[in-house]
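Common to both upcoming complexes is chain A, partnered first by chain B, then by chain C.
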Partner chain A sequence: MASYVGKRLLMAIPILFGVSIVIFITIKIIPGDPVASLLGPTGSPEARAALTERLGLNDPWPVQYVKWLGHTLTGDLGTSIARRSDVAPMVLDALANTLILSAAAAVIAIVLGVAVGALTALRRTGVLARLGNALALFSISVPQYSIGLLLIIYLAAGAGLFPVSGMYAANGGGGFVDLFNHLILPAVTAALVPAGIIARMFRSSVLDVMSMDFVEALTARGLSHRRVMLHAFHNTVPSLLTVAGLQIGYLLGGVIFVEAVFAWPGIGLLVYQSITQRDLPVIQAGVLVSALAFVMLNLVVDALHGLVDPRIRA
Partner chain B sequence: MSTSSVAPLQVTSLTTTFVSRHRSVDVVRGVSFTLRRGETMMLLGESGSGKSVTARSIMQLYGASAKLGGSVTMNGMELLGMSGSELRSLRGGQVALIPQDPTGALDPLRRIGAQLVEVLNVHGVETTKPAARRRAEELLAMVGIPDPKRVADSYPHQLSGGMRQRAVIAIAVSCDPQVLIADEPTTALDVTVQAQILELIVELQQRSGTAVLMVTHDVGVARDFGGRIGVMYAGKLVEEGPAAQVLGDPKHPYTAGLLAALPTPGVERGHLRSIVGAPPPVGAFPAGCAFAPRCPQARPSCHEQDPPLVDVAPDRSAACPVVNTTVGERAA
Partner chain C sequence: MSSTSPPRRRRRLLSTAATALLTALTLVLTACGGSATSGGGAGANTLVIGMTASDIPVLDTGLAQGQGYEGLRFVANQLFDGLTKFDLTDGSKIPTIEPDLAESWTPNADLTSWTFKLRPGVTFHDGTPWNADAAIFNLGRYADKSSPQFYQELNAQGGLSIAGIKNFSKVDDMTIVINTNGPWSYLPVDLATVYFGSPTAIQAEGNQGFAEKPVGTGPFKFESLERGQRLVMTRNETYWNGAPKLDKVILRPIPDPTARTAALRSGEVNWIEVPPPDDVPSLESQGFQVLTNSYNHIWPWVYNMRKAPFDNVKVREALNWAINRQSLVDNILKGTAEPALGYTPKADASFRPESEVYGYDPAKAKQMLAEAGYPDGFTMTLSYPTSGSGNMVPTPMNTALQADLAAIGVKVELKPIEWAAMLNDFFVGNIPDDADAMNISLSFQQEGFWTSWFGSQSSANAGKYSSPEVDALLAKARTVLDDKERSDVYAQVAQVLGKDSPWLVVVNDKNPRVLSSNVQGFVQPQSWFADLTTISVSDSG
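Entry: the complex of A and B
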């Protein structure tokens, strides 16, 4: 098991290396001139030339890349153009906020998805199962931002049950309860699509497992229905992990809409704002950190996979 | 011929009907046989003849999807209509199943030892963990596994097909069943391993006096195994008797056709022989004798009246009016 995790860790290194190259090239080829956005429209040609030299933009791309990578590896993510402050703490704070939101959404998505998936698989007929199927389809089909806006209009602004936006109340507040109140609506909004997908996938995986021979064989051994179901659910865990891992990965990247709608100070909102301000160092760092989180998450999922399924470890 | 009520397994006029919302299909249509202590009974037939369904119906593995009729008794106790908890202690306890595919029969995520321990615990054979573990290793050794400790700590995918089937057999015999139902236990295995597994089953049977009900479509397996044979066709027994006699001198035209279809080693012939036509699909059995449409000796009456299983020689019965009938109708 330890060697399996070690192998996975080693494999993550070339993946991260590749990710860094893709990010670097993407930033290079997107339109927009960082020098122009730094100096503004009034910058003189001499000032432009000096700044270009100072930013190292005259070096060949490979040299720029190696320098950038070196800085990144030592924790120096550069200075924000728009905010004139260090990028690293800004991005790490935002990442922490995004992780809080994603984790909450992941818990909701997995609990809801598994419950609805199991219900619709085991009770294929009946009103509840049909309702569950319809809900799963609905939640996959409806865009997140529209649900988010509806929740804000009716539950937050309308009924006043929840705060409208942000992470903590401006006047005092703070603390866990305040965070929890602010968290519910964006987390539910972000959880809907993955919950629907997990429900559909888990349903088919339960049906798969229940039709496998060992379910009958276990009954023939004299095990109770409850015990047989425990074995069966154990066997759905590997595929559940795969789906849930992918969906949580998408959550990390996909909360950008939810963060924008709810003004949640996460990495999505930060990158979104930085794009409108052409704040390249922040975009670069934000995307890199998101990719890093994605790779780490996959690593964790792979490790769990190995833990649950002995066939993968070998 | 009177049938003893203390036979480990007695099946009388068993019918199995699969019911779905739209239709119901008769798969087993009145099968009767008696299995005595230490005896072997082979159910021989083609796919769709109802032999596997007969075996599984005895353990009532189909739940609500099948309606069972007739009677199944073990040592005189009726099994059909038993409560859930009675059935649970029976399954894996007094009557155990060796399924066809050992890979599918094991939980892929649990170690072999843990699966054995679970069965021993559930049936109250060994209640403490270390004792159950010791017993598990003994059982694995008993089924001819050379390093039981390592195999107990292995997952199913780490074992060969033959080793897996041995482990499945260890689980089946773990609670000392009186009746062992083996549903084509060698079909999924290499030919070289098949003989070893059959030998193992015979050995276990001789050691403990277990009665074995073996389902097979392989005439060769039936011949090697001996005991009694029941030939099934379209959900019914068409011939029954001691293996050597049934296979040496078949009384029913279907059995004769099956045997004629076997290639004879050393004899060169232009082509393989087969029975003309195909078995009727389940749920569309013809009226009268189900084999009549394919039968070279069918009389007009065969298409109208379904012949009952009658004694045709001492200890032998067949469901065919064409063979010379000696005795009256066989006692059910």
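Entry: the complex of A and C
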């Protein structure tokens, strides 16, 4: 197992390397430079030129990339061009905030997805099942951005049940209850698409398993229903893990719209802002830690696979 | 025992469990709602501002402008002071320059050397005294490449505010001299956006450290910053001009306009910038204070005069008669802007009744097009930004203009472009994709902008307008000390522009912001800036 994890971690290195090159080239190709977006209309041409030189933006691209890589390998993620402060703490703070949001969304998505999936698989004809199917389809199709705004308008501003935006009350002392209240709407919004997908996948996987011969065979051998169900569910777990793992991975990057609507100070919002400002050091660091988190998550999912399905361990 | 068939029982068991789970989840979610909004902006005598910026600006003097003028408005002007400032106390008049950290100033005869008497008895928030050494230290940081504290980023961000400064020196402990690059009549205006930080703090913390713990002389002091979330400032009890009334000011970045309005409605903030125009009527009817005022802003199309059809002055003028500005203001902007019928915003000192040179007359427009040789109109491209500081709601606005122009046979192809990409072209004097016109919001807030937009040698003159007459007038303006006389010169510039029509002028924004009913004492000035010292927030409301 240890060598398997080690191998996977080694494989992450070329992935991250590739990601960093792609990001670098993309940012360089699209028009716009950080100095122009930073200075607004009042910067003089001379001052802009001097700042461009100082930021090393006049170097050839490969030189800029190698310099950045060198610093990154020594643990120095650089200084944000637009924010004039160190990138590392900025990105780590934002990543922590995104992980909080993603974790909450993942819990909701899995619980909701499994519940709706099981319900619609086992009661294929009832009203509840039809409703469940419709809900699952709806949550997959509807854009998160608009759902987030609707929740804000009706549940937060209208009914006053939840705070509108941010992670903590502007004037409060913070604390877990405050965070929890601020977390609910964005987490539910972010959970909708993965919940729908998990529900659909889990439904078909339950149907598959329930139609397998071994279920009838176990029942025929006189196993208690509870034991039969245990065996049946054991067989749905690998596919559930796969789809849930993938969906949670997507959550890490996919919460960007949710973060934008709810002003949640996470990595998606940070990278998005930094793209509009062409703030390359922050974009690179943000994407890299996201990619790293994604790789680690997949690793965890694969390890869990090995735990529940002995065939994979070999 | 097992009378029911096993599969059915199994299913019932599972589905019951699933339903229970769903119900439990719903219950938990609903129960958690509780009194979520109570901790918001209701705190006594605290102003909580929902900004449009997507992040808290850099908290270091002039660098706050990195998030647009909002950064100067809410950060730089609150934490720091300049040598001069705009008088924002009267919303009925155009703000004039008054003393701030300088008590008085005197230029020499040809306006190239300015002596500033500094205000005595002022200290920075950390107790460091304000004097000539502190002033020279900061000016060196901005503008003296040979000084150890010179800060390239600040110099670049200083832009037009420091464009006139050639060098400076200390005369005595409370007097400094600033020499300018030739006559510079509006140096005191420029200096209102040059800010002074505590030399002790800057030297102790370094540039990056200072931005995390800024120390100025302003009406509010830095208390805490949570990255991307909020900036808390507290009242400076020893502010030289009298302590502000508020206990605290809290800034929150809420870039989405709908979320910003919702935050105001729920009481999480009690002040928002730029509500979506469509929300204005309902906010007014719900008792919120919707404030607008003219300020120095204009929203034009800059014609590409390098090529046909806009190398022809008749075409340029014709379009200015073809658009229904009042309808745009009423229907799309819901009164948050006013029609621009000339080049000078109403809140600019050089505005004169005769500055309004255009109107709405499609028949006249069509006739002028025919005279120019385009009786059937033409097809043109417009490059416009989809967002960005001061750009209002560009997509619906440009779509409305597209319809107006179609009525006189001018077919406009809209080419949206990302704001950062547009600026990149604009600053080197290009119009993105070499479109026939570009839409961008501009201003004459700094007098140097007149030269930036219309000077034939200016790098930001993207339309390539060129007029020896305008160049001469703008050079003359730098030699006229008297504010009124100088504004007459700009009024003359506007007259020439009215004849040459380098822009399609559309509207002047009216700076809409919305305050809760319990926010009292604020004067909405004719300015990009805002004086927060007169405000108080009562508990009720």
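Heads up, the rule we're going with is that the second predicted complex is superposed on the first by the 281 of 314 C-alpha atoms of A that agree within 3 Å, B and C clash if a C-alpha of one lies under 4 Å from a C-alpha of the other, contacts with A are read in each partner's own complex, and residues count from 1 in each chain.
Note that in this section a residue touches a chain if its C-beta (ideal position, glycine included) is under 8 Å from a C-beta of that chain, and two chains touch if they have at least 3 such contacts.
This structure is a prediction, so every number in the text was calculated from the model and none was measured.
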| item | value |
| --- | --- |
| Touched partner set for A:L51, first chain B, second chain C, both or neither | second |
| Touched partner set for A:V87, first chain B, second chain C, both or neither | neither |
| If touched residues of chain A are counted for chain B and for chain C, the larger one | C |
| Which superposed partner A:D309 touches (first chain B, second chain C, both, neither) | first |
| First (chain B), second (chain C), both or neither touched by A:H234 | first |
| Partner chain in contact with A:L119 - chain B first, chain C second, else both or neither | second |
| Partner chain in contact with A:G166 - chain B first, chain C second, else both or neither | second |
| First (chain B), second (chain C), both or neither touched by A:T219 | both |
| Touched partner set for A:G32, first chain B, second chain C, both or neither | second |
| Contact residues common to both interfaces of chain A (with chain B and with chain C) | 219, 225 |
| Touch list for chain B against partner chain A, complex | 56, 59, 61, 84, 88-93, 96-97, 99, 101, 104-110, 118-119, 122-123, 155, 157-158, 168, 171, 175 |
| Touch list for chain A against partner chain B, complex | 212-214, 216-225, 227, 231, 234-235, 308-311, 314 |
| Chain C contact footprint on chain A (complex, rising order) | 30-33, 35-45, 47-48, 50-51, 54, 79, 82-86, 90, 93-94, 108, 111-112, 114-116, 118-119, 122-123, 128, 149, 152-153, 155-157, 159-172, 178, 180-182, 184, 188, 210, 215, 219, 225, 228-229, 232, 260-263, 265, 269-270, 273, 276-278 |
| Chain A contact footprint on chain C (complex, rising order) | 2, 6-7, 9-15, 17-19, 21-22, 25, 29-30, 32-34, 36-37, 39-43, 46, 48, 54-55, 58, 60, 63, 65-66, 68, 152-153, 155-161, 163, 207-208, 211-212, 226-230, 248, 250, 252-256, 258-259, 261-263, 265-266, 268-269, 389, 418-421, 423-427, 432, 442, 446, 448-449, 452, 459-460 |
